[in-house]
Structures are given as structure tokens and as C-alpha cells.
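To keep things simple, chains are lettered A, B, C, D and E as they appear, and every chain counts its residues starting from 1.
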Amino acid sequence: MKKIGIADTTFARYDMGKSAIEELQNRGTGFKIIRYTVPGIKDLPVACAKLFAEHECDIVIALGMPGSKMIDKTCAHEASLGLIQVQLMFRKHVIEVFVHEDEAKDEKELAWLMDRRAREHALNAYNLIFKPEELVKNAGKGLRQGFKDGGPIK
Amino acid sequence: MKKIGIADTTFARYDMGKSAIEELQNRGTGFKIIRYTVPGIKDLPVACAKLFAEHECDIVIALGMPGSKMIDKTCAHEASLGLIQVQLMFRKHVIEVFVHEDEAKDEKELAWLMDRRAREHALNAYNLIFKPEELVKNAGKGLRQGFKDGGPIK
Amino acid sequence: MKKIGIADTTFARYDMGKSAIEELQNRGTGFKIIRYTVPGIKDLPVACAKLFAEHECDIVIALGMPGSKMIDKTCAHEASLGLIQVQLMFRKHVIEVFVHEDEAKDEKELAWLMDRRAREHALNAYNLIFKPEELVKNAGKGLRQGFKDGGPIK
Amino acid sequence: MKKIGIADTTFARYDMGKSAIEELQNRGTGFKIIRYTVPGIKDLPVACAKLFAEHECDIVIALGMPGSKMIDKTCAHEASLGLIQVQLMFRKHVIEVFVHEDEAKDEKELAWLMDRRAREHALNAYNLIFKPEELVKNAGKGLRQGFKDGGPIK
Amino acid sequence: MKKIGIADTTFARYDMGKSAIEELQNRGTGFKIIRYTVPGIKDLPVACAKLFAEHECDIVIALGMPGSKMIDKTCAHEASLGLIQVQLMFRKHVIEVFVHEDEAKDEKELAWLMDRRAREHALNAYNLIFKPEELVKNAGKGLRQGFKDGGPIK
């Protein structure tokens, strides 16, 4: 039985963890979900480490919403570096799902984007552990999560 | 008996460590506090390592006040990266409580902010080791420490 | 029998992995190719780690297309740092082949550049494991991959 | 017998190492000083590692003078990250004493600042290994090294 | 018999490795030189790791010429961080000799600078392993490699 970790934050303004969990449950069975919530995105790297080491997760989806200020961009950068590091420590994927507060034009779009990106990346996580060949099939296809795909260059 | 480390600096212009300790003591019992003070925020990562390894802390609250100059922002960035690294080394949380000197409009507000953020994050630290389910309950709720909460998107 | 890993993404808008594989196969024999596709460039470091540790690759070619926005530049920087780290962990080369979406003047040139850089770096990877003396011979020659060589200073 | 390492550079335009050594010797006895000089600040992290591992230092004071150009700021940032890393590797303090060439209004002030900051940080290093309680006493007091203290917020 | 590694690139537009080797050979005997050439500066960190681990070098001189574009500056930063990391892994010096393409006013000066900086840093490397006391003697003397020395503050 595979284990999928969900690491999310109390800082985010939308429950992205819930979206990811719902999407995973719609996808199939054969896995168990373990959720771990931390205050902010900089707490996510160690949360992932705990999900891998203490809860034996096979993959983690790390969800967060960096704010729109300069300092928030720096925090997101630091968190991302930590997420890469934790992946190398455990040699397992962490699918980072960050939605920057200023990516959307208003709150309604922001909520939509957070939900959608969480769901599309949940599918990526699912495929990475269950159907990696699906990703190979889409190599170079310009896929995006949230807004519409870039698409392959004609 | 759990151990909570308090790592703070002589550079900060307000005794954030004291605020955090008071708040923890108001919260409950069942833990011991160990305090370690260093010159500046870049000394905090190794201070946390010492609190984890030599004092067997279960969690550390790292408090600092980066200055308002460009170089201070860089120092804060370096310190934050080190704090993420030390968490991954020990697989334990370090709750970073940084208040940038230019976040507040005057000294009075700065002192208020330093006190308040230290206290609110002390509660986060407390919950992470004693009541992690409190954090899960607040996932995606737009919580902030110091100024008022962003709140969830309606 | 040497093993060459190909790590690429579904985010890229051109199938750079295919270009690299074709070029390698034109070069010679005596090696096996293992391909691993991930969502985006920040997933490449752990993909390389898996190619080294689980598939015993001798070298990996990591291909990606960072977008043109500021955030994409940050992602590329994070990915590059991770790729350097994974090389040090396994003491094996990862040839990073990144083409920034805004390096080319239009989509046609972008596709050409992605194909060409992938092929020229595939040759570098081939030489690094089979003919390292070819690289020594070209030290200081101002070689470039994709656009034309800078050339040695006269 | 404690050992204090002094790591400095030939790039700096003032002998900060000498200032630190003098100050330490004025402070007291019971320690041995080991000095190691490298070309520039980016060579300091490994110099510290050597002082810890090969010379068994208990603490290192790392002194340098980053230049005033953009590239020098980047070098200082890289060096600082390395110094944080080496501290985590050995779980010992490195007191970074950097004076940026453009912090002072003229050469005279620059020399004064380099001497003074070196001396004030030498005291921090001394206290960290001999009198850590002195630092706790000064937590949140707004101390600075070189120019005048920020002081605590009233 | 000491071993000195030379790590350089095919990207550079002048054969800095050759300059460094010539200078070392003019300096003295009692060492062996091992050269390893890679495509670009981001390949240098793992090249150094190989020179240390597989060729048992005592020190490495890593030579490169970052281009003048913004992306080249980022690459140089990433490479430098990797070079610091590899030094900490092996606890041996890597003398980084980078000449940015835009440091010189024309190609002639650029070639001169690349040759000269390579030679002056080759001497630093030589001294670090054979005569470290030469560096201590020059602490705080404002030495530069390439353009003229900054000199000590009077």
C-alpha cells in the first residue's frame, strides 16, 4: 500500500490540501493519505522530511500560497530550495504546489487557481508513483497546472 | 518531558525571547525551556543545532530582527536558509520568528509587533509538539502572526 | 555497458529528450538510455538522483525549458542549484540543458534552439564518459551549445 | 585549553586578524590562537573547516572585507552561506566579521571600522565559549559591532 | 608527491588552464598536475569532486569565464556555491579563478586578464599547499589577482 503525504499551511487562504486529497480519492485506490499542516511555507521542507521518515510516505504534495510582497517571494524561494534538498535526502518526489497570491486578478480567481493547480498536481503525483509512463508520453507537451497549457510548439 | 529551545540575538531591539517564554508558560506545563542567545541572526542556525544536539530540544523558536538595509535583507535570507537546513539535519521544527525593522511604521508599533509575533508563533510551536491537530484544523485559513489574519477567501 | 539517463519535463514545449536520444544513438553504441519524465524543472534534481541510484546511470542529461516570467527564472536557479548538489552527491555529471523561453525571437527559432542545444550537449555528455580528451582539446575555445560559438580570443 | 581560530584574507585592506588577536589577548588567558590566511572571503568556509577539523578549534572568527562592486556583494553572500554550512557541519560557531568596503565614508573610517568590528566580535567569540550568560543578559538590547549600538526600543 | 588539479571549461574564450599550468611549472617541482575539462562553469563543482576523489588531488584550481549576460551571472553564482560546497565535502581548497567577460574593456585586455589572474591564483594555490606562511604574511594587504592590488589602507 503506497502512502501519499499532504503537507500544507495555515497561512494559505484556501484549503488546497483538501482539493488535493479529493482529487487523489477520485483517481483511484491503493494508497493511504497522511496530512501534516504547518504554519507557513518555510515549515514545509521539514514537514516533508517527517512525512517521509516518520510516516513512510512514497511521495509528498507540498501546498502553499506565498503572499504578494517581496519578502514573500524570498520565503517561497527559500522554501523551494528546502523542498529540493529534502527530495535529494530521501530520493523521493515532493510535488510543490505554490500559488502566489498575486498570480490571480481577484479573490475569486485565486480560489479557483489554488483549487485547480492542487488538483492537477495531485494527478502528477499520482502518475509519478503509479503510472510514470503517462509523464513520458507527455514530455515536451507544454503542460501547465492551473491556467491553460502552453502546448507544444508547432 | 518535552524541551523547547529559545534561540535569540543581542542585535534585536526588543526581547522577543522573553515574550515567547512568557507565552509558552501561559500555555501550559509539561515542558522545559532552554535559552541560547547569539550575536545576530546568522548565528541562529548553529544555535539551533546546539539546542537540538546538546540540549535535546524537541523544537526551537528562533527569534530575530533583521535591520532595514539591503545587507540586512541578505543576512535574513542566509539565516533562513540555514534554519531550513538545520531542520532537515535534525528532522525537527524551528519556528522562525523574524520581524524586519521596517515592517512597522514607528518604534512603538515595532515593539508591539515583535512581542505579538513572538507570542503567536510560540503558540504555533506549542501546538506543533502538543496539539498538531489544531494546525490541521486551521489549514488554508489565512492565519498570520503579528498583524491581522489574511483570512480564508470567501 | 554504460548507462545514460535522460531527465526531461512535461512543461517544456518541445521534446528535447527525443533530440538528445536521437543524437546519442547517431554517435555510437555501447550504452543504454534510460528516460525519466517529470512535471517541471524543479523535479529534475530528484529525477537525476533516481537515475543514478535506482537505474545506475553513469551520466544524466537534464533537459528543461524555463518560462519567461521572473518566477520562472527563480525556478531555473533553484533547479540548477539542485542539479549541482545531486552531482556532488553521486560524483557524476549531470549535463544541464536549459533553454529559456525568451532566448529565441519566435516559436520557430525556439524549437530550433531546443533541438540544437539538446543535441550539442548530448555530444558533450557522450564525450565526458567516452572521450574526455576531446574536451581537454577544446579547453578555452569559446564553445557554445545552440547559438554559434563565441570562439577563442585572437 | 580552548582553541580559537582566526581565518582571514590577503584581499582585505586592513589586518583585521591582528585586531581580533590583540583583543582576545587583552580579554584573558586559557586559550590558544591558530591563524589561517586565505586569498579571499570565498576561501574562508574551507579555512574554517580546516581550523575545526585539523586544528581542533572550538570557535573561529572569520574576517573579511568584501569590495564595493555588485560582484563583491555576491561573493560575500556566497561566503556567508558557506560559513553557515560549516558551522552546521561542525556544530561550532564561526563569528563572521565582514566589513563592506563601501560601509565607510573614507579610508580612515574604513580602517577604524575594520579594527573596531573585529575587536567587538572577538569579544562575542570569547563570550560564546567562556561566558555565554553574558549574551543572554544582552538579548534584545540592539547591540551592534563597529558603529554605535541600535539600542533597545524604549 | 602533491597533486594539483586543473579544472577548466570549453566555454571560456582563452586557455586559462594552460596559463595556470605554466605558472605552476615555473614555480617549482614536487607536484603532479591533473587536468580535467568540462563544458561550462556549472560543471566545475563535480569536476573538482572527481579530481579530489578519483585523482587524489590536494588542491584544485577551477578556471572559468562567465559571460556578460544576466543569466551568466546567475550561472557563476551557482557554480561558486557548488565550489564552496565541494571544498567543505573534501576539506580541501578549490581556488576559483573566474574572469567575467565584461570585466575587460576589449578582447585584448580580456585575454591579458584571464592569463594574469590564472597565473596569480596559481601562485596562491601553490602557496596554500607548500608555503601557507606566505599568505599569513600578506594578511590584510589588499592583494588582487589580475588588475592591480588594492593595497593596505595607510
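Keep in mind that, in the parts below, contacts are C-beta pairs under 8 Å (C-beta built on N, C-alpha and C of every residue); 3 or more make two chains touch, one makes a residue touch a chain.
Keep in mind that what you see is a predicted model, and the values were worked out from it rather than measured.
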Where subunit C and subunit D overlap in contact partners, by chain label: E
Turn needed to bring subunit B onto subunit D - CA fit, degrees, nearest 5: 70
Distance from subunit B to subunit A - Cα centre to Cα centre, in angstrom: 25
Subunit A and subunit E: spacing of chain centres that average the CA atoms, whole Å: 41
Shared-contact residues (touching 2 or more other chains) in subunit E: 81, 85
Arrangement of touching chains [line / ring / star / complete / other]: ring
Ring walk, subunit D to subunit E and onward: D, E, C, A, B
Touch list for subunit E against partner subunit D, complex: 73, 77, 80-81, 83-85, 87-88, 91-96, 100, 121, 124, 128, 132, 135-136, 138-145, 150-154
Residue ranges of subunit D touching subunit E (in the complex, touch as defined): 8-18, 35-39, 42-43, 45-46, 49-50, 53-54, 67, 71, 74-75, 78-79, 81-82, 85-86, 89, 107-108, 110-111
